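Labels for the chains are A, B, C and D, by order of writing; each one numbers its residues from 1.
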Amino acid sequence: MILGADSLEKESPALLTTCGGIEFRNPVLTASGTFGYGQEFDALISLRGLGGLVTKGISPEPRFGNPPPRICETAAGMLNSIGLENVGVEAFAREKLPFLRSCGTRVLVNFFGTTFDEYVDCGARLAALDGVDGLEMNVSCPNIQAGGIEFGRDPLVLGGLVKACRAVVRKPLWVKLTPNTSDIVALARACADNGADAVSIINTITGMAIDVRTRRPKIATVFGGLSGPAIKPVALRMVYQVYRAQIPIAICGIGGIQDGNDAIEFLLAGASCVQVGTQSFIDPASAERIIREIEEYCRAQGVTDVRELVGGLALGQ
Amino acid sequence: MILGADSLEKESPALLTTCGGIEFRNPVLTASGTFGYGQEFDALISLRGLGGLVTKGISPEPRFGNPPPRICETAAGMLNSIGLENVGVEAFAREKLPFLRSCGTRVLVNFFGTTFDEYVDCGARLAALDGVDGLEMNVSCPNIQAGGIEFGRDPLVLGGLVKACRAVVRKPLWVKLTPNTSDIVALARACADNGADAVSIINTITGMAIDVRTRRPKIATVFGGLSGPAIKPVALRMVYQVYRAQIPIAICGIGGIQDGNDAIEFLLAGASCVQVGTQSFIDPASAERIIREIEEYCRAQGVTDVRELVGGLALGQ
Amino acid sequence: MRYFDARVIENRSLGGGYFVLRLGGCEPLAGSRPGQFIMLRGDWGRDPLLPRPLSLLSVAHEGRADLLAKVVGKGTALMERSPPGSRVSVLGPLGNSFPAPSADVTDLLVAGGVGLPPLFMQAESAAHLGLANGSEMLYGGRTSRDLVLLGEIRGFGIALRLATEDGSLGRRGRVTDELEARLDRGRAAASAQPLRIMACGPRQMLWAVGRIAQSHGIDCYLSLEEQMACGIGVCLGCAVAAQTRPYRYVCKDGPVFPASEVMAHVSVASTSQSRGGAQ
Amino acid sequence: MRYFDARVIENRSLGGGYFVLRLGGCEPLAGSRPGQFIMLRGDWGRDPLLPRPLSLLSVAHEGRADLLAKVVGKGTALMERSPPGSRVSVLGPLGNSFPAPSADVTDLLVAGGVGLPPLFMQAESAAHLGLANGSEMLYGGRTSRDLVLLGEIRGFGIALRLATEDGSLGRRGRVTDELEARLDRGRAAASAQPLRIMACGPRQMLWAVGRIAQSHGIDCYLSLEEQMACGIGVCLGCAVAAQTRPYRYVCKDGPVFPASEVMAHVSVASTSQSRGGAQ
């Protein structure tokens, strides 16, 4: 179950892929908020074996996050309400980036703001940093200037935000969509129309749990984000909806991926690459295992280039 | 684990409750599509011990449903795409209702149409039938006159539909909301504003799964509805959002309920009663067990009237 | 049909992933007929979530019931590891059965791999009725490891012909080759008794058996499998395309169907249509 | 810190839901210190999903590690039923530890119920260092069934005082009553050695111990628990309110904290605020 790290060190040409303007050694990245700033996993897996990693979401200033309890387990999933805690751009550049620069894999920096200007400011500063291969905008944040409604919920607001960030970000710009929507396609279109390079689908689904003994919410902020295997069917559906709509934008699939087969489902549904989130808590070496399992699948199915799988869902007779 | 049926025959006054204009022996109903037309469970549990049951969705004419495969299992959940197969109003009245009339529990009939007129027609005919205690409108159906978009997704369309049905239905009228929305509160408000007696929250969440060996969707229609414990955090969140918004309408909570504690979470979040769906497949006697577990909880917590629990979520210090 | 708790009293591995689970406390299954099945669930939390359909292999006195299963995924893997004493919940007996053995017909029982149980039970029932010489079993698998319980089958006193794809036991080839050979021999011998075919196994094998029966004009019964959630006709998940109406349900109309009823729609049954996914 | 597969080599029930799990193959845990913990997960599918944090009870030669746990939910129930031979995955050793025993201080080890393991290991370590007479353990539980491994603790040669709420063993009352009594006696005797308190147990007990220590001006270390997902500081789930900055993390800043650092914010730590749930 647990892998020797070196087996993945040698590059496997069949797994090389491209997504949203970035070339990856293989289609498996680790998801924002579940892989720290990379260094924490250095002792556990071979970072250079990864397709890439996405950092915890960064904001212009440091943030301390929400009061505890912040997480709880649910059926095949978990809720979190960390509160976007992070070290801020400055400390990130100073303390976290040097390690990331030398870790041998692609680095995407997830970022956000609480106002339009904060997004633009943060995006511009991060894009200017050496060692950052691309940015992923987390738009599931409350817009404090608009009554706390998430930026990413309204295609118009989202489009404007993407456009403004695009203007200052010369590096690949991905947008991570919220699943708390009735129309994921409209959100993806707003990103494509405004120059984003890829959409990451999906962020967590808003959920809730109650401790019946105390009658209190299980997480202090009442609502939290649901992640893990429970959400995979929803994530996969949204990836496929966007792919099927033929929007000219690459897709990175996220949600409940536990093994190679799960990852391949996302590729078949139309994702060019995937991110592994909660599974890194369950099995810290899983990203490595998943890469090997994809490789085995390709070998067994006679797939010589993993990109052949993208959108390869078989329909009809 | 499996109960002697009679233990529930005697009425337990502490569990009596009211929801959407109907009085129930206890707050546990069985959900549409997971309990057939009641008779199938007669040999397995005491139907008169139930709070009530909701029938499979009925349409004006019989429907044959979707091609197989129609279901598949997912992490802590399942997808279904039955295709709203049912016997139609006529056969329902003739073949199914006589049993239901005598089964000793409340009977809600779930119904739908594919056009505005079908809904109104079906609602009127069902409401006229003796033995029907109330109606539950399933609005997660494609509107064939509006390009296949679900009736229940747009608050305006939904409001109009509820109003039209309300005009012909003199019995309690509940509306079952779709979770595939970014604003469950707006949907609930549209129902309240147009005279519905209760909202049932939630129907299944649209999802998808792929068989990686064959590269085909695991269910023939590609998309299906996700149900089971996986969706409970989302369902609970939506119930609480609607409750918190103080919309003057009763709530029936549905989604992933497996045991008494799950049911109580929904009550605390603001539901007056709950429905047990997928769990009846996992454990056909579960509704009975859940009633007993609620009773035990009330006893242990000194709750003399189950209605005290409704909306009893503890917030703040 | 009842829903009850039972207990594993023996769990015998047969190699190759096959195992026989002997349950105690299955009094409600008394009188079950060959072809009927149960929905079985162990005490394993939410993974997997749904109970698993398993055909009855044999039902004996004092609440004993035997099942034969093969490890193909999580549920069967957990069953295979259940030690004696494990609690399981059982819903059954469910579904219909094969026609009873009769002195007027010769039954060809065609089993493919783990499709054996209903035909094993049918053979057992023929033996009990003293009709063993009116039944023949044709049993095929990929290798000799897929042919199990041969001693027990022989013990019923029925004729048994084996086929393996790799030739490691019996005829090299498919069980349908064996079936065609048997029918050709039968035609040559112009046997007096009319024939009946009963089959259970992989979908492709069943359609092949159905076609062979059709082309020989022989009555044929197929025991089908489909994904199931409830086992009692309420979820409508186990639909199969059929002749008489658009769909029939494996759990309540089957699992045994006259081949003529389900064969005509074979192609429909495997059609994938891209429509909305309303329930 | 390493991530590796281990194996249950013994699973000893102590009654009352308590059990000692002995793992083999834990060479990477060699050198772990009292207070450190591991994230443990069995081979049980997706239910429960996350690994469970458990303190180390004892780490011996040849890759042996002992854990003491109590059944409170699904994860611990599955552990309790794991037979020898079961595979588990282990991430550890994690977190910080109690200060090492020293010849210059007397350590009062205050354990409540299943909070015993880190203090047991601390006592073991004191014994190994020949400092057993500089440690005293105060160990409380609801009934005598909650006080386990007493023979082993006595074997370390440290003083042991017990308390149960129902009076079934040792003093009737809480372990904090025992602690106050000990401190009063100490004051009366005006003992030369300075005291240090180390405690692990239920949250309410820890705050009470912290307050007592504060009022006596004694150094105090508390081992905290919080819901955990990762155990290595990346999920930021295990936050506790603290003095020095808004939050500290049980898994990487703890689990052992100077009481002064976490006490001031006790009320903040239990505040529920109704805000949006962004990560």
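Just so we're on the same page, a contact is a pair of C-beta atoms (placed from the backbone, for glycine too) under 8 Å apart; a residue touches a chain by one contact, two chains touch by 3 or more.
Since the model is a prediction, treat every value here as computed from it, not as a measurement.
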Item to complete: Could you find the chain whose CA centre sits the greatest distance from that of chain D?
Response: C
Fill in: Chain centre separation in whole Å, for chain C relative to chain A (CA means)
46
Worksheet entry | chain C and chain D: spacing of chain centres that average the CA atoms, whole Å | 54
Discussion item. Quick check: how many Å separate the C-alpha centres of chain A and chain B?
Written reply: 34
Worksheet item: Can you list the chain B residues in contact with two or more other chains?
Response: 75-77, 79, 206, 216-217, 222-223, 228-229, 314-315
Discussion item. Among all residues of chain C, which ones touch two or more of the remaining chains?
Written reply: 46-48, 271-272, 274
Worksheet item: What pattern do the touching chains form: line, ring, star, complete or other?
Response: complete
Fill in: Residue ranges of chain D in contact with chain A within the complex
1-5, 41, 46-51, 87, 89, 91, 226-230, 232-241, 245-247, 268-269, 271-279
Response to the item:
Given the complex, residues on chain A that touch chain D span 1-2, 33-36, 40-41, 43-44, 56-57, 64-73, 75-85, 140-142, 148, 204, 206, 216-217, 219-225, 228-229, 258, 278, 280-285
Practice prompt. Could you please specify the touching residues of chain C with respect to chain D in the complex?
Written response: 44-48, 74
Item to complete: Write out the stretch or stretches of chain D touching chain B in their complex.
Response: 46-47, 267, 270-272, 274
Response to the item:
Within their complex, chain B touches chain A through residues 74-77, 79, 153, 180-182, 205-210, 212, 214-217, 222-223, 226, 228-234, 236-237, 240, 256, 261, 264-265, 268-269, 297, 312-315
